[in-house]
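In the two complexes that follow, chain A is the common piece, with chain B as its partner first and chain C second.
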Partner chain A sequence: MKYIKIDKKKWASGIDALTKSYRLYGPVKEEAFHNFKELEKGMLPDLTCLNTRLSPKSLIYPQSEALLEYSLDGSQKDHHIMKEIDKDYSPRAVIGIRPCDAKAFVLVGKNFDTPEYKDPYWLLSYEATTLVGQACESPCSTCFCTTAGCGPYHEEGLDILLVDGDDHYLAKALSEKGEKLLSAAGWDESVQAAEAESQIESKKQAAEKKIASIVHTNKLRDIDTTKLYDAPFWEDVSFSCINCGTCTYVCPTCWCFDIQDENRGKSGMRMRNWDSCMFPLFTVHGSGHNPRGTKLHRVRQRFMHKLKYYVDKYDSGIQCVGCGRCVRLCPVNIDIRRICDLMNSFNASEDACAV
Partner chain B sequence: MLNYIDRIKEISARLLKDCSVEMVIGFRKGSVPMMNEPYFAKTAEDVERLVWDSNCGINLANYLTDRKEKIGIIAKGCDSRNIVTHIIENKIKREQLVIIGVPCKGMIDKHKISSMFDGEIREVSEDENNIVVRGHDFKEVLNKKDVLQQNCALCIHRNPVIHDELVADPVEEQQDVDRYADVREVEALAPAEKWNYFGDLLSACVRCYACRNACPLCYCPTCFVDESQPQWVGKSQDPIDVRTFHFLRAFHCAGRCTDCGACERACPVGINMRVFTKKLEKDCLELFEWEAGMSLDERPPLDTYKPGDPGDFIK
Partner chain C sequence: MQNPYLPYPIRIDDIIIESEDKNLKTFKFVFLNPDDERKFSYKSGQFAELSVTGKGEIPIGIASSPTEKGFVKFTVNKVGLVSSYLHAMKIGDIMGIRGPLGNCFPWERLEGKNVVIIGGGFAFTTLRSSIIYMLDPSNRSKFRDIHVIYGARTPGMLLYRDELIEWEKRDDINMHITVDGTDDPNWKYNIGFVPTITEKKAPPAGKDSFAIVCGPPIMIKFTQPVLDNLGYSHDKIILSLENRMKCGIGMCGRCNIGKEFVCKDGPVFTLEQLNKTPKEY
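After this line comes the complex of A and B, so read on.
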């Protein structure tokens, strides 16, 4: 493991040097809030950002992505043949991503990169990307990462972890990609591993203590799925939901999509667009029947997927990294922390005859 | 307005106890600052969870659509106008409702307040005239008047237009309000400028449809953007499709919108899509002297014909 000290005076010049070999992305404040944007030459990522409004998942997995193109013009030799679209998979780097958002890519990878299926678009983007994380020193009150399998200094999914040390950043290279980026930036002042680790460890513990918000997930796996599905609290939980897609679209771990062919005149593109289990159309059958016909069905599906089906299927915790975006942005304040606790504390035997 | 809650609880408990209603729809305290959650109370214990403050901006009429129970509903001026509209449009029956009217002094603008501070807002409290915002290392007192939702600052119907119970004496209605200054500014733009303005306004839209779903008017069983057989609108982030959604939604609300502000409040990226619905509201006022939801006895202008209706647009 390599540790590099980056003097903040060398920060801007290093970022500038990176633009020669990477397309750079980072948090940028536009009007009222921060989002990840491509950094034009001379721009620096705003590392004062607490958390971006939208997650960076769209950098790897755009909300709308053209996958294939075709011609419908019968006079063309290759009409009605789907063709790959040339895309830019040149190296890129996200500077200032939070550990929770980086861990989210690992979770999303469980869907797009499996032994059986490999999603080429997601994989090529992901492999082209170096994730330079910024350890969280001042988490939000809605952050519950430490009990969602993540943490303010969590390293999983990151290529570099940056720790702020006032006049410098301490960079911990976590992968070859990370080491390559550090040298491309010209940041080469190495630090003794033991010294760096002890610095990081004490800061990490201090940061973790600041996470005041927690969820309990220990019983989710053992609860009977059918009984949880039939739990009486879903009516109460779903009442206020307006079935918009905010929670799913701001979530760094929601991965569902829809495929659409979009034609204009005599040509067209096969698009992949984010979809949301909150929308009725998500499950409408060709016959018109909708197996998730009510709001209660859809709300239950979202939470059961994240906090039960995923837990059962992958045995690696919940499908959530505790970033808190859905908590902050739900228009009607449905709070996943509350629902997670309701599910985790559900006593099936007690409630089985309650209805 | 903070002292309303005792009366709200008292009325709600009474209605539930004497079985006049099966549930009372109101708000319970939210888990984050400037948010309360729509909530139904069915028992005396539930009633204790009801709250009232300046964070009750969600329009509760949205929760009445096609319900079959007898319902008590807490209604601000705008909610009451949407309840009227719901009754006129047969989405709920008058006799199903006990309307608990709340004379309103406006709801605070969470988008605006959030954007005023760089650090995280940890707590927002209020008294009659002031809003106190606290973060990790800051505290600021804001004048509530300065941080009202824009629709509330411009509201001229703060008192419920229909109610069975009233939690307090009516508040004074605001006079001499220029409701449409922003609409006139857009109207004055040249077509190309207008197009750019709309493009910029909607550029952050992620098509989550929170605006539509927070709106009590948007109760179509299947919205036109969700139709799949046939499909009318593309599903991507193509700006034309995004605009099609917003423009058509606004037109569907013409003559029905009460400018309750639920759409703008719900938007996760802070888009002021009310500028579209307000333009149509202004047109309805100018062409038909119509304000939506003011009376159960009058049909909306767009579903009636009157000989005096303006016809200048027919050339």
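After this line comes the complex of A and C, so read on.
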């Protein structure tokens, strides 16, 4: 493992050097809040940002993306035949991503990179991207990463972890991609591993202590799926939901999508657009029958997917990194932490007695 | 990297109107590139995404059998945007196909077994594929008794009528065709709902008997107790599900029943499996 000290005086020049070989993205303040944007030459990522409004998932997985193209013009030789589109998968780097958002890509990868099928659009984007993470020193009150399989110094999914040391950043290179970026930036002042690691460890412990919000997930795996599905609390949990879909759009681990053909004159593109399990059209059959026809069905699907089906399918924890965006942005205050605890503590037989 | 979203180009080679209400048409497709036909190697029970360029895709069960070469066949009900547009297309038109997708009927488990096939309405497409496959001279000896109970509202709504009549004449398959009702005085087959005819005609389960059931939910609901009475255990009752789909490869997130995706882990499940998942189909 390589440790590099980056003097903050060399930060801007390093970022500038990176623009020669990478397209750069980072948190940028837009009006009232931060979002990830492409950094034009001379721009620096705003590392004072606590958490961006939207997750950075669109950098790998755009909200709307062309998959294929076609011609509907009968005089063209290959009309009505779908064609692949040339795409730019040149190296890109995200500077200042939070560890939770980087871990989210690892969770989402289990959906797009499977033994049977590989989604080339997601995978090629992900492979082209170097993730430079910033360790969190001051979490939001809604952050619950430490009990969601993640943490303020979590390294999984990152290529570099940056730790703020007042006049410098300590960079821990976690992958070959990370090492390559550090040398492309001209940051080369190496630090003894033992010294760096002890520095990181003590800061990490202090940061983890600041996360006050927790969830319990230890019993989710053993609970019977159909009993949990029939639990009486879904009525109460879904009552206030307006199915607006905000939670799924801001979530770094939500990946559901729709496919639509968009025509313009005699040509068109087959597009992929983010979709949401909160919308009735998501599952409605051609016949009009809808297997998830009520908002109770849809709210239950979202939480069962994240906290039960995913847990059972991959055996690698919940499909949530504890970033807290859905908690902060839900217009009716539905809180995944409360629902997770309801699910985790659900005891079907006890409940039957209570009724 | 193989792009699972890229359809193989195909040409409509023939169109047959299947039902008297003209809402069901069978499309016969040929691949523009012969190599794609080889890549589209499928088994009975699987489905494909039919890609109508500029309109979208629809998941449809494969009605042809792997033993039929040179083409693939699909029977499509006219319901939504894509299927309605497809119904108006002509022989010679170019479109696309992705697949084969999903699992198939459990052909290895079915070898050496008695099989009763129960179908209703237009959910007979992958069952047609299965019957053609099982009756193929190279396969028939692999299976023991084959019974088929197939019903529709009226004689004119039965799919593949010519083939049904051919199978009626054979002695290596027991056909029980039925309709809910008819005013045709020459109708010489059964009259009655599928569960009723199943009760009368389906053989009781031996230890080597399987039932494959495809049909509308109401038919499945009333057929299950009949099969229970006949002694079919739930691990030997096989069903094929339908749900709204987009990707067909387990990624877009909409067709799941619990942790299983109907498109990738299904569409074929045993009743025993379905008893353990939420009924979101």
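In the analysis below, the second predicted complex is superposed on the first by the 351 of 355 C-alpha atoms of A that agree within 3 Å, B and C clash if a C-alpha of one lies under 4 Å from a C-alpha of the other, contacts with A are read in each partner's own complex, and residues count from 1 in each chain.
As a convention for this text, a residue touches a chain if its C-beta (ideal position, glycine included) is under 8 Å from a C-beta of that chain, and two chains touch if they have at least 3 such contacts.
The structure displayed is predicted, hence computed values, not measured ones.
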Inset, instruction - Would you mind checking whether chain B and chain C clash or fit side by side on chain A after the superposition? - result: fit
Inset, instruction - Check whether A:Ile242 is in contact with chain B, with chain C, with both or with neither, and answer first, second, both or neither. - result: first
Inset, instruction - Taking the C-alpha centre of chain A as the vertex, compute the angle to the C-alpha centres of chain B and chain C, in steps of 10 degrees. - result: 90
Inset, instruction - Return first, second, both or neither, reflecting whether A:Val284 touches chain B, chain C, both chains, or no partner chain. - result: both
Inset, instruction - Tell me which partner A:Ala206 touches in the superposition: chain B (first), chain C (second), both or neither. - result: neither
Inset, instruction - Considering only touches as defined above, state whether A:Arg270 meets chain B (first), chain C (second), both or neither. - result: second
Inset, instruction - Would you check which partner chain A:Asp258 touches, where first means chain B only, second means chain C only, and both and neither mean what they say? - result: both
Inset, instruction - Go through the superposed model and pick first if A:Arg53 touches only chain B, second if only chain C, both, or neither. - result: first
Inset, instruction - Mind working out whether A:Lys118 is in touch with chain B, chain C, both or neither, as first, second, both or neither? - result: second
Inset, instruction - With both complexes overlaid on chain A, what's the closest CA-to-CA approach of chain B to chain C, in Å? - result: 5
Inset, instruction - Kindly list the residues of chain A that each of chain B and chain C touches, one partner per complex. - result: 258, 260, 284
Legend entry - chain A residues within the chain C interface of the complex: 67-68, 70, 72, 79-82, 84, 111-112, 114, 116-120, 123-124, 225-226, 229, 255-261, 263, 268, 270, 275, 277, 282-287, 291-292, 297, 301, 304-305, 308-310, 312-313
Inset, instruction - Would you tell me which residues of chain A are touching chain B in their complex? - result: 31-33, 48, 50, 53-54, 63-64, 138, 140-142, 239-240, 242-246, 248-250, 258, 260, 262, 271, 273, 276, 279-281, 284, 288, 327-329, 331-335, 337-338
Legend entry - Residues of chain C that touch chain A when the two form their complex: 1-7, 9, 32, 51, 53-58, 77, 79-80, 83, 93-96, 242-244, 246-247, 249-256, 258-259, 264, 276-281
Legend entry - chain A-touching residues of chain B, taken from the complex the two chains share: 30-32, 35-40, 58, 62-63, 111, 114-115, 118-120, 122, 136, 206-210, 212-214, 222, 226, 228-229, 234-238, 265-270
